[in-house]
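The next part holds the structures, each set out as structure tokens.
Note that chain A is present in both complexes that follow, paired respectively with chain B and with chain C.
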Partner chain A sequence: MASHAATADDALYTEVAGQRLLGFLFFLISDCVIFGSFIFVYLYIRNASPVWPPAGVERPGLYLAAVNSIVLFGSGATMHYAMEAIRRANVRRFTAFTVATIILGCMFLSGQAYEYTHLHDTWAGSTFGASFFTLTGMHGFHVFIGVIFLITVLVQTLRGTYTPMRHFGLTAATLYWHFVDVIWVALFFLFYVY
Partner chain B sequence: MNATAIERIIALLGAFVVAGCALTSLRAEWKKTGLDDHVTKIMLALLTVGCIIVVLVAVGVAGRT
Partner chain C sequence: MSVADLGHVRTGHIHPPPDTFVKKYVFSLDHKVIGVQYFITSGLFFVLAGLLAELMRAQLTGPNNHVLSVATYNEAFSVHGSAMVWLVTIPVLTGAFGNLIMPLQIGARDVAFPWLNMVSFWMFPPAGILLFGSFLFGAPQAGWTEYPPISLQMPFGTSMWCMAIFLIGVSSTITGINFLVTIVKMRAPGMTWTRMPLFVWATGVTAFLSFIATANLSAALAGLFIERTFGVPFYDPAKGGSPVLWQHVFWFYSHPAVYIMILPAFGIVSEVLPTFCRRPIFGYKAIAYSSVSIGLLSFMVWAHHMFTSGLQHWEQFAFMALTMLIAIPTGIKIFSWLATMWGAKIHLCSPLLFVLGFLSTFTFGGITGVLLASVPVDIHEHATYFVVAHLHYVLFGGSMFGIFAGLYYWWPKMTGRLLDERLAKLHFWLMFISFNATFLPMHWIGLHGMPRRVATYDPIYASTNLFVSISAFVLGLSFLIFAYNALRSAKQGEVAGPNPWGGRTLEWMISSPAPYYNFDEIPIVLSGPYDYGKPLPYANIKPELATVPTH
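Entry: the complex of A and B
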């Protein structure tokens, strides 16, 4: 009897989790649209300008940004391993990889703060500065929110909220973190490579 | 060895490690059919693209200094 009730409960959870996942993906798509709009504006300004970056404006350091990018991409890999660990009911491994992801996220934010304080350009200094600080700042804010999200799901996991069968919160956190990684691929290419 | 050279080496080695992890995970995810699994596959593929860009930057093929 109890087993039947548990099965019905699991089925209901799976159905609700499917709807929540769809809702969360719509949220990520809407966030993509926001970033896409800002990127479009940046490309418009860039193409309208005869010289880019404008005369007298220095580009941000390429290789420091490359290292910072790898730190963030590495956090995407550790988050994926954390998700795989919870699917196998290995909470210890999950905790280790989630803590690693949080540390790497904080390292990325520190790298970005270092870059901001060493740039010879300001938000109001040029169109390049305005675009750079708006887009990378918005991304940095997303990383900051992601770190808080990860700390929250880590605490919830340690309290036993999630199981191998019931872990929608972790799925959402993992997808959000991957999203933040992928947005940085586009920003790194636009501001440092292109 | 100057700071730039060290940054390039770290970026290059890190990019190879992360790309390897992403591709291995992508291979493991490949047969899964859930909606979240499909999204994860796209994200891992794009993560690999990011690593390739970093490799090109580190070896001096792409990027403006």
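Entry: the complex of A and C
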């Protein structure tokens, strides 16, 4: 019986997707720990230093970072609408919003590249540069991976891999993208505001 | 009935049986084969790291020996410590026992992500090669903790150390995620949390520690590596960094790592005791929840390794008090185990002997641990042989005796054959006596003030050190008995049958060694595993396999 087989198959998919989702959440938690560890390093060195930023070091400008943050948070919103679309099986709407997310992600990366090339401080130049370039670099790398992740799931969606019921890959990509957003909130506050 | 016809939804983790040698024994997806791969690889590294220890003891037979140069001695103790922690104890207790036993005990056909499991194993041998290969490029000399600034000034071997430990850290993070998902999501129907075997509880908490704490280690190592390679200032005080910062991030991992190295051994003890005492474990829930509380407390005590690194007084006091709190859940376990044995008809087989060895030596090491947690004592004993004695009582007397208890206990399940009991007992007594003869006197010379990690010493410690070295050589030889026993068992060992010890957990309800898919039908669990004297609490188990023990 085809319908019966489909049900058992769906149940299996749900079970496996549940395991993968939990595994992916654990991965994100351990990734959080890695960022948290470097943030601790930054705060520790900052706290131990008599002046901050260290003498002769200029902090990066707030305006470019603020624009870049708006771009990244905007991509979080478009990602959210893309997921809403796939739940309603609206592939066209999903495609539009995912492409928008990818473009916003690339804009963020370009903004970061511009910022990096116009800073006087370097990675090995000061204790500020050490933490700044390590943390924002790690974050930028995560955005880059996220863009690749999104391009992959977009291609898969256009090929019909995902359905309204079966889209673990999309869930994972969305979670990852929101995770990268949240990390940026902390980094923006630490390096540009605090 | 073949597994594919079961029509049960729990078929998601079935991968086709391997058809080539490489798929079966090299890049295997089967958790049991991967478990054995971990055992063999760690065993090789154990021999190498053990030989380094014997070289160190050869150097220390006399006060001004020249067996090793001072630099080589430093390299030997650094690589010995790193290898024993990351290449032996952690992989054996998590990768090997966790893979081999945990899925069987929860009635699963494999771990949640078999492919990741394989990848995770294959990060491990390269890590070992990098670590031992560092001798060719100037091995690390700052001990297994690699404190800066020394670790920043050493040649390329220290960078290889960073890469090796980073690799093993990633591997251990992946394994931790994999195991915790398996335990949360893949228990057999009816196996509620409080019906899980205690080894599974221990493995679950260890898995949690692995992916939280080890991620932090990866970050710390990445920092050290990029500082060494690109001159990025994190830890170098000359450039505004802080060496104490390294101690914070390193110990924030490495104190939980101490429990990664002991909790699975606690789990093994909790499995062996009820089986050989033939009675329910005393305080099942107390043991299970104390594992959880040890796991949580382990994140709050890291700075007790840093009492001499210039902490504030209130920090010292807080870390002292929190550290001493850990004695409570540990004590709960020790007393529950003793109560399990109280008045029981004890079958003194080899696994139980090793458990008794574990209980006596680990308790001793635990008590010196409470002494060292006390700030005034620690300031006096810091970096002396007292610390060496303490850590070997918990890691050798605890973890290693636990590992051998588990090996003797599950060897029949792993290989299908029994080990020779008389040789096993000989191994135990030789190991137990020479272990104590090696490490007990270190307490005394430590209290007298002999510093650790130095290739020479004051001649007044000469006779004690000679005695310690001779005992250490005997201790090394005692493992040959195990090696001989293992080889002998492969050739002429008695066939074990499914349940040689009369265990009641699920791994004993299937044939030995376990078949490829473990369970033809997923068992249904009706109550907890340790109720000796009651009928077996499983449905869907072949009755002929669940019968009484033969030995």
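Convention: the second predicted complex is superposed on the first by the 194 of 194 C-alpha atoms of A that agree within 3 Å, B and C clash if a C-alpha of one lies under 4 Å from a C-alpha of the other, contacts with A are read in each partner's own complex, and residues count from 1 in each chain.
As a working rule, contacts are C-beta pairs under 8 Å (C-beta built on N, C-alpha and C of every residue); 3 or more make two chains touch, one makes a residue touch a chain.
Predicted, not measured: the structure shown is a model, and the values here were computed from it.
When both complexes are overlaid on chain A, the residue A:30 reaches chain C alone and has no touch with chain B.
Of the two partner chains placed around the shared chain by superposition, chain C is the only one that A:44 touches, whereas chain B remains out of contact. In the superposed model, A:185 lies in contact with chain B only, and not with chain C.
Contacts of A:22 after superposition: both chain B and chain C are touched.
Residue contacts after overlaying the shared chain place A:77 against chain B, while chain C stays out of touching range. In the superposition on chain A, no contact is made by A:114 with either chain B or chain C. Looking at the shared chain after the overlay, A:64 reaches chain B, while chain C stays out of its contact range.
Residue overlap on chain A between its contacts with chain B in one complex and with chain C in the other: 18, 22. Per the touch definition, chain C reaches chain A in the complex via residues 7, 9-12, 112-113, 173, 176-178, 180-181, 184-186, 211-216, 218-220, 223, 226, 230-234, 239-242, 245, 248-249, 252.
Residue ranges on chain B touching chain A, taken from their complex, read 4, 7-8, 10-11, 14-15, 17-18, 21-22, 25, 28, 35-36, 39-40, 43-44, 46-47, 49-51, 53-54, 56-58, 62-65. On the side of chain A, the complex with chain C involves touching residues 8, 11-12, 15-16, 18-20, 22-23, 26-27, 29-31, 33-34, 36-38, 40-41, 44-45, 48-49, 54, 123-124, 126-127, 129-131, 133-134. Chain contact summary for the complex, chain A toward chain B: residues 18, 21-22, 25, 59, 61-64, 66-67, 69-71, 73-74, 76-77, 80-81, 84, 171, 174-175, 178-179, 181-182, 184-185, 188-189, 192-193.
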